[in-house]
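Okay, so here's the structure we're looking at.
Note that the chains take the letters A, B, C, D, E and F in the order they are written out, and that residue 1 is the start of every chain.
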Amino acid sequence: MRCLRGTAPSASGPHMVDGHISPDSTATMTAGQLLREDPQPCRHSPPALHPAIVPSYPPPESDADESWVWSQIKAEAHRDADAEPALASFLYATVLSHSSLDRSLAFHLANKLCSSTLLSTLLYDLFVASLAAHPTIRAATVADLLAARSRDPACVGFSHCLLNYKGFLAIQAQRVAHVLWAQNRRALALALQSRVAEVFAVDIHPAAQIGKGVLLDHATGVVIGETAVVGDNVSILHHVTLGGTGKAIGDRHPKIGAGVLIGAGATILGNVRIGAGAKIGAGSLVLIEVPPRTTAVGNPARLLGGKKGDDMPSESMDHTSFIQQWSDYTI
Amino acid sequence: MRCLRGTAPSASGPHMVDGHISPDSTATMTAGQLLREDPQPCRHSPPALHPAIVPSYPPPESDADESWVWSQIKAEAHRDADAEPALASFLYATVLSHSSLDRSLAFHLANKLCSSTLLSTLLYDLFVASLAAHPTIRAATVADLLAARSRDPACVGFSHCLLNYKGFLAIQAQRVAHVLWAQNRRALALALQSRVAEVFAVDIHPAAQIGKGVLLDHATGVVIGETAVVGDNVSILHHVTLGGTGKAIGDRHPKIGAGVLIGAGATILGNVRIGAGAKIGAGSLVLIEVPPRTTAVGNPARLLGGKKGDDMPSESMDHTSFIQQWSDYTI
Amino acid sequence: MRCLRGTAPSASGPHMVDGHISPDSTATMTAGQLLREDPQPCRHSPPALHPAIVPSYPPPESDADESWVWSQIKAEAHRDADAEPALASFLYATVLSHSSLDRSLAFHLANKLCSSTLLSTLLYDLFVASLAAHPTIRAATVADLLAARSRDPACVGFSHCLLNYKGFLAIQAQRVAHVLWAQNRRALALALQSRVAEVFAVDIHPAAQIGKGVLLDHATGVVIGETAVVGDNVSILHHVTLGGTGKAIGDRHPKIGAGVLIGAGATILGNVRIGAGAKIGAGSLVLIEVPPRTTAVGNPARLLGGKKGDDMPSESMDHTSFIQQWSDYTI
Amino acid sequence: MRCLRGTAPSASGPHMVDGHISPDSTATMTAGQLLREDPQPCRHSPPALHPAIVPSYPPPESDADESWVWSQIKAEAHRDADAEPALASFLYATVLSHSSLDRSLAFHLANKLCSSTLLSTLLYDLFVASLAAHPTIRAATVADLLAARSRDPACVGFSHCLLNYKGFLAIQAQRVAHVLWAQNRRALALALQSRVAEVFAVDIHPAAQIGKGVLLDHATGVVIGETAVVGDNVSILHHVTLGGTGKAIGDRHPKIGAGVLIGAGATILGNVRIGAGAKIGAGSLVLIEVPPRTTAVGNPARLLGGKKGDDMPSESMDHTSFIQQWSDYTI
Amino acid sequence: MRCLRGTAPSASGPHMVDGHISPDSTATMTAGQLLREDPQPCRHSPPALHPAIVPSYPPPESDADESWVWSQIKAEAHRDADAEPALASFLYATVLSHSSLDRSLAFHLANKLCSSTLLSTLLYDLFVASLAAHPTIRAATVADLLAARSRDPACVGFSHCLLNYKGFLAIQAQRVAHVLWAQNRRALALALQSRVAEVFAVDIHPAAQIGKGVLLDHATGVVIGETAVVGDNVSILHHVTLGGTGKAIGDRHPKIGAGVLIGAGATILGNVRIGAGAKIGAGSLVLIEVPPRTTAVGNPARLLGGKKGDDMPSESMDHTSFIQQWSDYTI
Amino acid sequence: MRCLRGTAPSASGPHMVDGHISPDSTATMTAGQLLREDPQPCRHSPPALHPAIVPSYPPPESDADESWVWSQIKAEAHRDADAEPALASFLYATVLSHSSLDRSLAFHLANKLCSSTLLSTLLYDLFVASLAAHPTIRAATVADLLAARSRDPACVGFSHCLLNYKGFLAIQAQRVAHVLWAQNRRALALALQSRVAEVFAVDIHPAAQIGKGVLLDHATGVVIGETAVVGDNVSILHHVTLGGTGKAIGDRHPKIGAGVLIGAGATILGNVRIGAGAKIGAGSLVLIEVPPRTTAVGNPARLLGGKKGDDMPSESMDHTSFIQQWSDYTI
């Protein structure tokens, strides 16, 4: 994503997005690819790192995203450690003493989530082993970092997200819990969920399926139930609930399509489908299906309609302008 | 509640409830009694423990609920410790090394709520002494465990609730704070409230009166004011506020009847009465009295009406079908 | 504020407020002055401290507020330590061993916000130095204490607020982070924000401008964005969001006038102005400008109208009756 | 012991000791009794507590020693907390918030000996239960406090010993470990020994039999083996070893008679008997039996002889003059 | 060492040792081999584990010692966890949750040696990586466990040594520090030395060369200098110093031959050679070379002479009888 | 001290010392002055820091020693942090984030000596205030650092001593306790002594008078009594006792002259005077006065005689050769 470095690339095809991700095309492209192909100026250009610190080459192709992001994070941490001695110890402990992004993340999560009865070394072991064994988690972590960096105007760097965003950290812990759940190590998965709910006030059931490139902004109070599915590149603000209805016990939670944006305090209940690229207004109560690229607002929510004519394959490109239009209203 | 053990009882009278509790009859029956008389298949049958681990006899009469639940918890913890060595240390520390449920709970709460200035040993002492001196707290704790186990589809065991549900833990701490408040040990009661608000993000005033068999599901952000009353067998989702209005300073918070269900994000303000068996929709703002067995939804809330003809003694039986009907809408 | 001591002063000028603050006049008066001139009986009289403990002289003029409040806090802590030995260690550590309010606050914040990678001594150093260098922060802290004491019926003393109110503590930490942000020490400011968001579940961007005499009641889930401005004497309940809209990246958050009251769960989005003395109903979604002394309620919010004729200088007096009127509805 | 309060009693019999204890008579008298009968001026008079703080009545008879010492400790702690606010939190946590000496001791030991894998609450439980069940431990604890107070010129108060003397604390922990060992709870007893060895650098095997009124002065490096016996009123300086010889595996450690004084760095090896009232010079290496009231010095130790004529019952009175004589040389 | 399992092997050659190790033959044999070939009854037979818990097969050949010892440790820990619930959490955390001896050791050391500025996860990483990369450390660890178990009558099991012997733990930490030192990571090696000196009161310079099968009994106060060499199968009691002399700065510390026994409090200074199988009496001060199989005692030490005729190859077998003879005197 | 930087100065006066300090002249010269004037090659030349890191100018005159040493420490810490990322967090926390040596020391001591009942922030406050108020403590700290660096061959840098030498840290804590004792804040002084005795196994009474330029090498087990006096530039090895005799209660501990060297395990008892420049052999037991420049060895100690004719001004030169001669024997 060139705009991350503040450079303006040349021409680009008609399907380029304005700093955002096409929900439909993400099945075959990584978030990193999409972001890097972006020919338009970013909605907001992140503060540029000093060229002496951060090399100006574009991030390499997707499979190298991890090392590129990791090198960015280390450059940022070095810059901040130099500028702020009071924070240097923290930055060395969490970032600069580690050989890779996943070990840094494992260390940081272990020290955040440990308690007097769940020791940090045990959690560290668990996170290191899980991240090492599951490259897809690591790829999703990178996609989440890129998502926060490009979508959140208040995100001033990858290290800022890695170290300070409790929504980001909660999701990464849930990814590990999800693997444990799938391995039928449910007691441990639930213990992890419980610690995340206490430490970050984010309560995501280990069985929930969370895509990549997901942003939990602010994150306090987010609740996502057992059978919920959250697609790639979804953005969820704080106080959002993806909950069940009382009567069902099986598949009873919402299915959120790719690229959906859910405003602060929105509550979506039941096994309803929120179509790709849809937007849910802040404070809305949604109990019904929402078609793709459609906006739902209010309590109870009503549909504002989407762009009906956009059913061509390229319509996914509309996603960004869509967000702009919609964000006039509620995000 | 036989379904807790996966057995299907034979016939049952017409007044049996479907896994839920009659709000009106709870004054004279314990939650355990009600649950055990339940002749219907559970809405959801909890995963059965292996018969070699958990004896299959029905839980004894109510005064023995505590020991029955405690034996279940220990059996679950043994099973999980055997299956998951990484969690065994945690399970022995919190459950298996203790001689009774109240000591296990006291240990767990003390280690969760302690801080650098409120040492765990001090809190442990306080909880042990309070629980030993007040059998009614212990009984309410047991009722809460049964409530979570039967009402929350995501609750996979009593130990899951005891160890991981911050709503459950917050209520138990409040019960102790409530006793301290009544003993005019207000500074200590308020310090306890403050720790619970920080650690669990659940803010219940020590003076609030909380019944038994209460479920705080997810619990993040629940606020319950000083003069609020919450009846037996109430279920409250996360982000629920039982608040005051600005003008009053005396009795200024809601009174929630038995068996009421309050959906996520609902806000009930002022000294209003929510009748037994009523349901408050998710995201609703309630400033008015809600009659028994009536549903209130919306911002501001409107009443959907209950079943007016149901004023016979048996009407309490309607409670469950009521929940089903209502949960189509909002929980 | 005489009512804090339960004494009824004699005459008072026509512009006196009923226990609340004129938003317009606060530019030239401190919160303490206003409160002390208050000739009317308080809405609620705080529990009186025993005369042998707390001297009955009125608090001196504004520049001495800090020492007066500090002496009150120490008197309260002494009383509580004597009455409750179990809490004495905590009270000596946090209050009675300190020579001034700012050192007590620095100690308390450092021990609350520290983590395994951000040591308490480092944070203590930071808070002590920041509070020493910025008398305006200290004055605002005092104003916040007075605000909580006079406006929150559940606040039983200054020490109760200092020690137990996570909203109060979150604001004080943000004031220090704000100074760091202004000094371009942004990495440290953001790390502080992150710890506050985790520990108190209150997420206020360091760049946000927060006035004095601000009350965050209950506080869980409050989110205040980067370019938000909160005027003096504002009261904000829990779950309130002062957020941005998706499209903007510059000045994109609400501007809250002096004396505004924002009910629980209200969401205000975008660079909109909420006029002085306005009231935002609980659970409201506000996307539009709200004129001074106007009430906005609902999702989306509609204006209930204010008192249009009140545009004389004395109109600020209406503030309190306003709150009473409005609070019939929603706070 | 009246000298503890700085008063000079009138006449006294010929067998009175000068602030020290007759080794032979201790079988039937408590340390407290002996100390109280002491008619002579103390070798050193402890700093007197202010009469307004500490009542001047003599300590009651032996079975009330515990409450008398406990009241002294609380008076001292109150005095120090008042004089030194920086220490008040510590004193309230360790002493003033507790209802009895044994709970104070249990709290203090638990917080000293706990580790990340042996939680303080677990240890606290263990110590509280053990001390409650074994009055003889509590009596020995009191005798140790009296011993330190009367024999160590640097001991300025009972609370000084209780809170700061690692030798005292190590012995009390060993007493509890000894009970566990006797109950065949050996793994726990050994874990306790290990923590004491790490925290206090005092290594006493749980099986060793330690009398009462024992003083471990400075204590660093003391090692006492499995089959060692230490009589009543023994004083042991730092770096003392009561060790085994390599060849034996059964009863292989020294037996120290009552009233023995062992100087710093002395090493006593093998199943040898050190007679009552004997003195072992600092730095001595003792491999042989030492008769009662005999002094052994040197490496290897030679006997300096005792007072051979003193074999009347009253000889025990010689103990003190003996120490004086001997201490010219080595203690 | 068959006696560890209580079985009596049949015949054995004339060179068999009585539970002890020939210093000369250790170059080509592992400690485990020697121990297993031992045909004589042990000097002390360790308490036998119940046959249902510990399989009775002999430990396999030397390269499998590690797994055999690890299986013993786990069996012991299981037995103790079952018998002592209060210790079960500790035993699961330190032993039973780990997949190998080196991970268990790394965990235990990390949690013992960590501090507020050296986090346990960092140390854990360091120990895990070092032990994984250096099989010779792991082999030496196993030899040390076997040494403690066979030589120390108070050692009731391998797990007892692993978990509770600070001498054992100090040596293992030094082995890792030694590797760091050799890799020129001296600052880290010295930081480790410092933590060991504080936590265990054992001060061994990272550059010192320590053989395998070494026993530090009690260990408090042991000091071993930078250029010291300690051979295989050496036993060192507490308070032993292997120090330098003031004048030299290069190779200035003692060289201790294989199988040497150094009694409590002995001080050996300067670059002197202590021959294989020599014994240094407790409390001795040694400034001179001590020939093999010779005993040195006293301050200053004099040589007691060895068995001069024993210069046949089999003389090494004399090692044990030697210890017996000598231990009459000083160990 | 030029030798610290490996440069050979030109001529020097006849009173120059060979890397050691003249005991007699220290009354009027600082340790730094003496060290810097030293014209002879150091006994051992400390490893030179890379010239790009450490400027090669000689340390300025004595009043600037503190800043020179501090700049050295920071240079060393920077070098180590760069070379060893695993240690960087530790080095930034303890050294590089601090603005001065005394704040670094205060931080380090506070985090080492804190406990669950004596919080690090409290101790930090105490140390910062004490060091700020007492420049003589700070000067003595600097002299101690210079002493360790020049006298201990194993000391590879000032930061090594500051961070890792428990003897150094114990002395600095005692200096603060000594000030508290003088201010009659005895309870706090004794609490500090107790923590030092536990954490560092070094037990120095707060009332003891300790000179500057003192080296406690290894330090484990050092005990220094209430009325002891230790002169400037004294070196004390581990296990050394400066104890009292049993009979006295007033001034009862040794007085150690300037420049004395006390070997490991030496025990000096009673109010005896050890003359300037004397040497006490390792393991000696000293009960008698030792004249200046005399060596005492043995148990009990006998005098080896000094150089009686050396009472010219140049005798101070003998100090070093003295040590060499003597150290053939015992240090």
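Just so we're on the same page, contacts are C-beta pairs under 8 Å (C-beta built on N, C-alpha and C of every residue); 3 or more make two chains touch, one makes a residue touch a chain.
The shown structure was predicted, so the numbers you read here are calculated from the model rather than taken from an experiment.
Chain pair with the larger contact count among C-F and C-E is C-F, by C-beta pairs in contact. Ranking all chains by how far their C-alpha centres lie from the centre of subunit F, first place goes to B. By residue number, over half of the touching pairs seen at D-F are also found at D-E, the match among B-E, D-E or C-D. The geometric centre of subunit E is 33 Å away from that of subunit F, both derived from CA atoms.
As a whole-number value, the distance joining the C-alpha centres of subunit B and subunit F reads 63 Å. Once the centre of each chain is set as its mean CA position, subunit A and subunit F turn out to be 56 Å apart. Across the assembly, subunit D contributes 86, 89-90, 93, 97, 111, 116-117, 119-120, 122, 125, 201, 220-221, 239, 265, 283, 299 as residues in contact with two or more other chains. With chains as nodes and touching pairs as edges, the resulting graph is complete, every pair of chains being joined. Within the complex, the subunit F residues that touch subunit E are 43-44, 80, 83-84, 86-87, 89-91, 93-94, 111-112, 114, 120, 153-154, 156, 160, 163-166, 199-201, 218, 220-221, 237-239, 261, 264-265, 281-284, 297-299, 323-324, 326-331.
Across the complex, subunit D meets subunit B through its residues 89, 93, 97, 103, 107, 110-111, 117, 119-122, 124-125. Contact residues of subunit B toward subunit C in the complex are 115-119, 122, 125-126, 185-188, 190-191, 193-194, 197-198, 201, 203, 205, 220-221, 223, 225-226, 239, 241, 243-249, 252, 265, 267, 269, 283, 285, 287, 299-300. Residues 116-117, 119 of subunit B are the ones touching subunit F in the complex.
Residues 81, 85-86, 88-90, 92-93, 96-97 of subunit E are the ones touching subunit B in the complex.
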